[in-house]
């Protein structure tokens, strides 16, 4: 019944699923047999033994099944929570793939430049970290075979971590209603052996990598004008800021992760670095989501300062 | 303390039960209003929490003088309503009618002052949208809350004026008998005042000076 | 069915009754549209929700027909989206939320606690007009092109990207919400202030307790729906950036506000059903309810804890993992009172004298289906399983098991149980039993395949689906045909019974409730005597064959 | 008018009103003190104090049946569920 388990923690989820089926089945069986048996045994006109039950007896029965149900459910909660907690820590060397959801298609960008629409090629056994955002409404990246689902929100990055461990093509759906062609926003996730994946990525049109495209955009959109040792404008140097906390005007620090860099590009007057004036123009509508993804890839890789 | 006689509605046998039931019903309605405005204040708390710097920049634009004046006007109208309600219960009809008229006048003053404040806000381009003064997210959120909350409150106040003016249409003779209606009207008016009293610090005292 | 009185000649609705009843107390249109009699308002509501039930049912039929073929050739994708939205909005706000409280609640609650009228009769009528105005607004919204956002109105789709009548539908639901609040306030005040002499809190029948719990939830949850719809209205109409991510708004804040109402709303739908089922099972099994106090505390706990569990709708929406765990734990905790109630209903059957009348069949159907619905809810309360199963047909099957298998079965149980009291006529028992059994099997036939579809990964709200899911979808659509028949059939024989049904005695079921101690149909002032309650409810005595006059107004005989 | 009724009808509400006006002045001034600590919390606390004054004295919650006092708190208790659990999500996102 369940689709094939194609990610490392799918078996754990299937185990929890069958445990829940077993416990629910037992309770349903218990209730239905009692219903049918009592209905049959105590139907009107039969000579079965009746008479009132002592209130002490009914109270004890009540308390036992209340406590029994409570502990069963808390046990199920604990088991589910432990499976969840096992999936939270992200393996450090995960392969980061950017996914941009747009009304009714999935646009995927691999770190070394390959671009795909409604398809995602993955090497077997490599932990994957999908960094996803949406250009318009809420979508949801759902691959039943990996047992993963994560809503993709506009204006924010959401992450999805899994490790495929079976070769094959698995269906990809959009699970959050997103408009007219919500049911057409599907695709395929192709898991290949590392060799096949390497051959596939070579065969892709040799577009330059995300970082290279980011470098070109860095000058094209005028970022270099201020951020690279300009005499006229006082702008923070972006060399190697990714992953380091930045001092904010008005005190406090903010970690310069993808979300912070994205917000600073789209709405710069938001969190201004200490000691600088909020003069940077907003790139909302100028830079698309893909451009922002490329700029951030560039900032992460080369640190954004060509002069040094 | 013997209650003055009151008009008995259908299912009730004694005025005391009817009056307690009516107040209980109105207080339940006020609980729904607390949740209604609770949802609105949740929006305020979330947007202030996510972007407090920008929020304060937007909030400084709110005019403190209009706000304080309006708060004073509304609290005074609460006073006149309270006196009017107590006077109706004591049977002091002229004082009661005077106080009800004073409450209506103060309520109208609040709306007029609000109108002037809206006009100056619009002139200062404080309506979130294409012509909005700031590009900062927090500021747009503050002013989205400002317009929604104050307009919803103004609607509640206008409905309150309608309910309070109903007391004036009761003839002088049977006004004392309708003291339960007066209590209900006063409860609603005091709620409108409480909502504004909570709104005042949220709108006007953020990030001063 | 004990036939107490010889059948009179058949004329319209009680005119030939000889004695006056609330039906003969004024027959002009104005006497109905201007009535403040809680019984007549109940019938006005019954007309309204029957219309909306079959309107929503028509949309459901369209959806099932559409899903027969994977390519879905009957409707375009936009029409399909508007059809399932219509089905959602109409069924949730215009049938399930008002169904039992406004019809049976309005009719039976005052009588079963011995009151002459609800606390605020005029507000009761005003709530019906709010329901009608809200219904018309939403009906016009759906007529002039419908809404394509789903009944959940998720932003930013509903505010910026949908070009359908979201504003009109939001206004309609906003108005109907106040009808729900007014009914809630009315019931709470009635139960607190208008109980008959001797009717202490622990002597209240469980139906009255259910109305009290559901009124608490209606009064305290609906205002948050009102503010949420108002914020969507303001953002869509005036462009104020409340939930707009481009200006820092948070779509997840909308989901928090929406589900803070919408999860308690599912308890608004199921709590009255629990009250009806407790009454019917106790009466038809001739047994005291097993653990009366536990049933009361379970209902109140569901009403209160129901407000703290809404996050399980948002496990994958980008909520923090900590919040996921908190909501998951609270969702498991609230499953306990529901489990207790199921065990207590089963316990009530023990040592009873069970008769399988139509209401009893519906009630036993409710217990079975509600158990399955509740337990599949446990799957969705556990975070890792919810990540796999949410937004698939597993969720669709889960909530249909509770809302349709549970609430609608209980609605039919109550409708048949109180039909003699409301109309003074007896419905044809054989037909009703057949309808109940057909509904049970038709329902399972329709919705059990959807559990398997969900496990296999078929997402919700899909107009086209892969070929592998077709077999189960066709099965489900076939089941829907049987279910549709099971819902339409009562419409005919109940209508027939209005004119041709036998005259109903005062207490056809020999039930102990106060409402059965007065005439059926009851006089406008409910009782010809002042009820003086001396016993707890459900004083049934299976040993000495249930003496005819078993009522709360009699001294409790030795059990 | 007897002094007793004068006290109950006019003077008691007047005293409450005076209290409200004083609190209004305090909260407005406090907001403008240049280096005053925790301004948002204090201004909100004074706002709640004013609301309590109105509820207890103008709306006579103190002299009312306990049923009514319970009803008046129900709305706030339920609203606290909404705030606490929404911020449980927001603070740990």
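First chain written, first letter: the chains are A, B, C and D, and each begins at residue 1.
Criterion: contacts are C-beta pairs under 8 Å (C-beta built on N, C-alpha and C of every residue); 3 or more make two chains touch, one makes a residue touch a chain.
Remember, predicted model here, so these are calculated numbers, not experimental data.
Student: Which chain pair shows the largest tally of C-beta contacts?
Tutor: Greatest number of C-beta pairs in contact occurs for A-C.
Student: Can you name the chain that lies farthest from chain B, using the mean of each chain's Cα atoms as its centre?
Tutor: Centre of mass proxy via C-alpha means gives A as farthest from chain B.
Student: Suppose each chain is reduced to the average of its Cα coordinates; what separation in Å results between chain A and chain C?
Tutor: Whole-Å distance between the two chain centres: 36.
Student: Any idea how many Å lie between the Cα centroids of chain C and chain D?
Tutor: 39
Student: Provide the C-alpha centroid distance between chain B and chain D, rounded to the nearest whole angstrom.
Tutor: Roughly 14 Å, centre to centre.
Student: What is the distance, in whole Å, between the centres of chain A and chain B, each centre taken as the mean of its C-alpha atoms?
Tutor: That gives a centre separation of 45 Å.
Student: Hunt down the residues of chain C that sit against at least two other chains at once, touch-wise.
Tutor: Residue numbers touching two or more other chains: 192, 220, 224, 248, 252-253, 256-257, 260, 318, 321.
Student: Residues of chain A that touch two or more other chains: which are they?
Tutor: Answer for chain A, listing residues that touch two or more other chains: 267.
Student: On chain D, where are the residues touching two or more other chains?
Tutor: Each of 67, 74-75, 78, 82, 86, 90 in chain D touches at least two other chains.
Student: Going by the touch rule stated at the top, which chains touch which?
Tutor: Chain pairs that touch: A-B, A-C, B-C, B-D, C-D.
Student: Under the stated contact criterion, what part of chain B meets chain D in this complex?
Tutor: 20, 23-24, 27-28, 30-35, 38-39, 42, 45-46, 49-50, 64, 68, 71-72, 75-76, 78-79, 81-83, 86-87, 90, 92, 95, 186-187, 190, 193-194, 197-198, 200-202, 204-206, 208-209
Student: Mind pulling up the chain C residues that touch chain D in the complex?
Tutor: Within the complex, chain C touches chain D at residues 192, 220, 224, 252-253, 256-257, 260, 307-308, 310-311, 318-323, 326-327.
Student: Hey, which residues of chain B end up touching chain C in the complex?
Tutor: Interface residues on the chain B side: 9-11, 17, 20-21, 24-25, 28-29, 31-33, 35-40, 42-43, 46-47, 50-51, 54, 128-129, 137-138, 140-141, 143-145, 147-148, 152.
Student: Can you check the complex and tell me which residues of chain B touch chain A?
Tutor: Within the complex, chain B contacts chain A at residues 51, 53-54, 134-137.
Student: Along chain D, where are the residues that touch chain B in the complex?
Tutor: Result: residues 1, 5, 8-10, 13-14, 16-17, 20-21, 24, 27-28, 31-32, 34, 39-40, 43-44, 46-48, 50-51, 54-55, 57-59, 64-65, 67-68, 71-72, 74-76, 78-79, 82-83, 86-87, 90 of chain D touch chain B.
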